[in-house]
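One chain, subunit A, links the two complexes that follow: it is found with subunit B in the first and with subunit C in the second.
Moving on, here comes the complex of A and B:
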C-alpha cells in the first residue's frame, strides 16, 4: 500500500485549469498518476469502460457543458460500483449553497479553485495526504468532509 | 425503522479475530496493540486462508518490523482516542506512547513521519476529529461536552481545531450529515 501510486482523475472543460492541475501534482510528495477528461459525458463513459481501474480520488469541476459536475456526482453516488471513490468538487464557485449541496449529495472534498499556483499545490497536497490517511488507516469515508 | 449503532471498534476487532482463529482451531493469544501470537507453525494454506478471510473485514496482516511498529503506534493512538474515559491531554501523549510501546518517543516520532506522510501529532489530531465527528452525529453530547471528553482546553478551542482540519464548523458538519442522511432516506436530491 505504501509504495502504490495514487490514481487521480480530473473532469474539467477548461484546458488551462487541466494543465495547472497536472503541473501541481508533479511536485507533491505522494506519488500520483494523474489523468484528465474534458467533460461530464466523457467522464461517465471513461468510468464505465474502466470499472477495474477506477481512480482513488475524482476531481469534478461543477460548471461543465453537456453534463455538470453536480449531475455526475449524483449519478456516481447512485451507481454501486462507483461508490468507493473519494470525490472532490473543484470549482470557481464558493457559494454556501453549492458547497452544502455538494456535501449533501455525497462529495468528500470541496475546493474553491485558488488564484495562484502555490495555493493550488498546497490545497491538492493536503487533499491527497488526508485522503491517503483515510485509505490506509481504515477511517470511515462517510465522515470524510473537507472544505478548502 | 431507522437507528444508529454505536460501535466499539476495539471490541469488534478482538471478537472478529477470536472467531476466525477459533474457526481455524489455532492455539493463539491476543496481545495489546493488535499483536497476535500463534503458538504453532501455520501451514501456508492456512495462512493464505486466514489472510483472505481477514481481508474481507479490512484487516491486514503486517510483517515487516518497521511496518509492525508503525501499525502499533497507530493502534495505540486509535485505542486511546476511542476509549470511554476522558482522553489524556495532548502534551502527555509522547509519554503515553513511549510507555506503551517501550521505545523512546523521538525514535517513534521519526519512524512514523518517515513513512506515513504525516506526524504522530497530526495523525492523533485527525483521529480525535474523527471521534468528534462520530460524537457530533451519533451521540447526545453537545460541543462543550465533546470538548471536555476529548480534552480540548475549551469549546472554542475544539471548534477552531475542528474547522482547521475539516474547513467546517462542528454545527455545519452536523447539519450536512443530517441532511445527507435525510436525503438518503427519502431518495431526494439537492440541486
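Moving on, here comes the complex of A and C:
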C-alpha cells in the first residue's frame, strides 16, 4: 500500500463538492489517484468500461439527477465483478431513513458532508486508511455513520 | 287482521238476521194457529149457546102453554108469544155463524122445520082450547107435540155433537201442531241467547275498537301537530306524491319556506319550479324525470328564490315507498342555506389550511436542504480560506473574517434548531417504555466536559420508567440542562438539581385535568441568573429571547421545542424564575 497509490472515485453532481473533494485529497499526505464522475449514469458507464481498473473506494453522493446514489449502490451490489468494491456514502442528508437504507443495501460507511474543510480532510483520511478488505466481513451498524 | 275481523263481523250480522227472520216466521205461524183455535172455540160455543137458547125457548113456550091449559091464566102464554121471535132471531144468528158449514146449515134447516111444526102444534092446541078448532082432540095434538119436541131435542143434540166433534178435530190438529212448541220454544230461546251473546261480543269488540280508534286518532293528531312544529323548527317540509291517484301534497311549511301563505297555490311541480332559481331548474326537472323512470332514492341541491326575492339553498331527499300495491314518493325538502354557507366557509378555510400546510412543508424542504447546502459550502469555503490564506491576511481582514465565521455558525445553528422544532411534530411518534435515568445519563455524558469546566454541582433523583418517545425526552432534558449551564452565574457555587415525585392532579388545580389523574412531577432547578416571573410564559414562545446573542448565544427555539415535546407526551411544562437567584422548570408527565 505504501508504494501503490490508492484509487478513489467520487460520483457527485455538485461541482463545488467535487472541488472540495479533490482539494482535500491533495492536502493529504497519502498517495491517491482521485477521479470524479458527474452523476449515476456516468458512474455506471465508467465502471463498465474500466472493469480492469476499478477504484479501491467509491464515494457515492445520494442525491443525483438521472440515477440516484441509492440506485447505483443496489445495482453495484447486484453486479458480480463490482460487489467487492468498498463504498462510502457521501451525502448532505443524514436522515435515519437514508442511513438505514444505505446500510441495508451494503454500503461500507456513511459520511455526512461536513461544514468545514479540516473535518472533511479528517474524514477522508480516516476512510482511506481503513483496510476495507478486513472491515467488510464485520459490518457494524453503530459505527456505520462516520463520526470523529 | 282487521280485514278478517270485518268479514267476521259482517257474517255474524247476516247470520243473525236470518235467524231472526226464521224465528219471527215460526212465531207468527204459531200465533196464527193459536188464534184460529181460539176463534174456533168461541165459534163452537156461540153455536151451542144459540142452540141451547132455541131449545130453552121452545121448552119455555111449551111449559107456558101447559101452564095456560091448566090455569087459563094468559100470563103463562108470554113465553109462547115471545119464543117465536126469539127462536127466529137465534136461527138467523146460527145461519150467519154456519155459512161455511154446509152440514150444519142442512141440519139447521131441518131444525127450523121441526120448530115450525112444533109451534104449529102449539098454536093448534091453543085453538083447540079456545074451541075454534075441533078437528083434532087436544091429547093427540099434545102427544104429537111431545114427539116433535123429542125430535127437536135429538136434532139439537145431534148438531151439538157434530159441532163438538168438528171442534175436537180442529183441537186435535192444533194440539198436534203445537206439540213441537216446547222444543221450538227452547230452540228459539237458545238461538236468541246465542245471538245475544254474539251481539254482546261484537259490541265489546266494537267498543274496544272504538277506544283504540279514539286513542290512535289522538296519537295521530299529536304526531301531526308535532311534525308541523318540527318542520318549522327544522326548516324542512314534505311532498307526498301518490303515483296511483297522481295526487301531490305539499306540507304547509313548504309554502312558508318559500315565503308564501300555507296552501296558497296548487301543489304541482310546475308551480314549485317557479320558485327554483332559473339556473337550477334543470336539476329539479331532470330529477323528476329520473324519479318517474327509476324510482330511486336521491339527494339534490338547488337554489330557490323566495317570494320576497331572497335566495336560499334547498336540499331534497326522496324515497319511494311501495304500499298496498302502489308506489308513493316521499320527498323531504330542507332549507340548508346556513349549512351551505358554513360549509363554504369551512371549505375556504380548509383550502387555506392546506395551502399553508403545503407552504410549511416546502419551507421545511427549503430549510433542510436548499438552505443548508449553500451554507455548508460557505462554511467550507471559509474554513478553506482560513486554512490556506490566514497567514497572509491583514489584521483588518482577520477581524472581519472571524465575524463572518461567527455569523455563519449562528445561521447554521438557527437552521438546525428550526428543523429540529418542525420535526418535533412530524417525526414518527413511536412510544417506547424507557428508563428516564438512562436517558439523563446519556445527556450528562455529553455535557460532562462543560460541567467539570464550570464546576457545577449536579444532583439527580431517581426517575421513573415511562412510555415515551426516547429521543424527544433526551432532547427535552438536553435543552433544559444546556439552558441551566448557559445561564449559570459567573461567580460562586453553581448547582443543577433534578427532582422527581409522584403527585395527584388535585394538588395542582392549575393543570385543569380530572383530579384523580396521577402525574410525575419532574423539576430542573438551578441557581443561575434566573429571569423575571412576568416572562415565565413568554420564554416558551419560539424566537422569544430575554437576552441578546452577544450576552448569551442562542436561537430562542430550545424552550419552544421543550414545550412541544412535553405536549406530545400529554404533559405540562411551567417555568418559575427570580432574577439573579435562579430558575425552576417543572414538567408533569401522566403516570399512565
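We take it that the second predicted complex is superposed on the first by the 129 of 148 C-alpha atoms of A that agree within 3 Å, B and C clash if a C-alpha of one lies under 4 Å from a C-alpha of the other, contacts with A are read in each partner's own complex, and residues count from 1 in each chain.
The rule we apply is simple: a residue touches a chain if its C-beta (ideal position, glycine included) is under 8 Å from a C-beta of that chain, and two chains touch if they have at least 3 such contacts.
Bear in mind that the values here come from a model prediction, so they are computed numbers and not experimental data.
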Does subunit A have more residues touched by subunit B or by subunit C? B
Tell me which partner A:117 touches in the superposition: subunit B (first), subunit C (second), both or neither. second
Once the structures are superposed on A, label A:51 by its partner contacts, choosing first (subunit B), second (subunit C), both or neither. neither
When the two structures are overlaid on chain A, which partner does A:147 contact: first (subunit B), second (subunit C), both, or neither? first
Output check: A:92 vs subunit B and subunit C. Expected answer is one of first, second, both, neither. What do you get? second
Of the partners subunit B and subunit C, which touch A:23 in the superposed model: first, second, both, neither? second
Overlap of the subunit B and subunit C footprints on subunit A, listed as residue numbers: none
Subunit B-facing residues of subunit A, complex: 1-2, 29-30, 70, 74, 100-101, 103-106, 110, 129-130, 132-133, 136-140, 143, 145-148
Show me the residue ranges of subunit A that touch subunit C in the complex, using the header's touch definition. 16-17, 20, 23, 92-93, 113-118, 120
How about subunit B: which of its residues touch subunit A in the complex? 58, 60, 67, 74, 78, 115-118, 123, 126, 130, 133-134, 137, 166-168, 173, 175-177, 179-180, 183, 189-191
Mind pulling up the subunit C residues that touch subunit A in the complex? 369, 372-373, 375-377, 379-380, 382-384, 386-387, 412
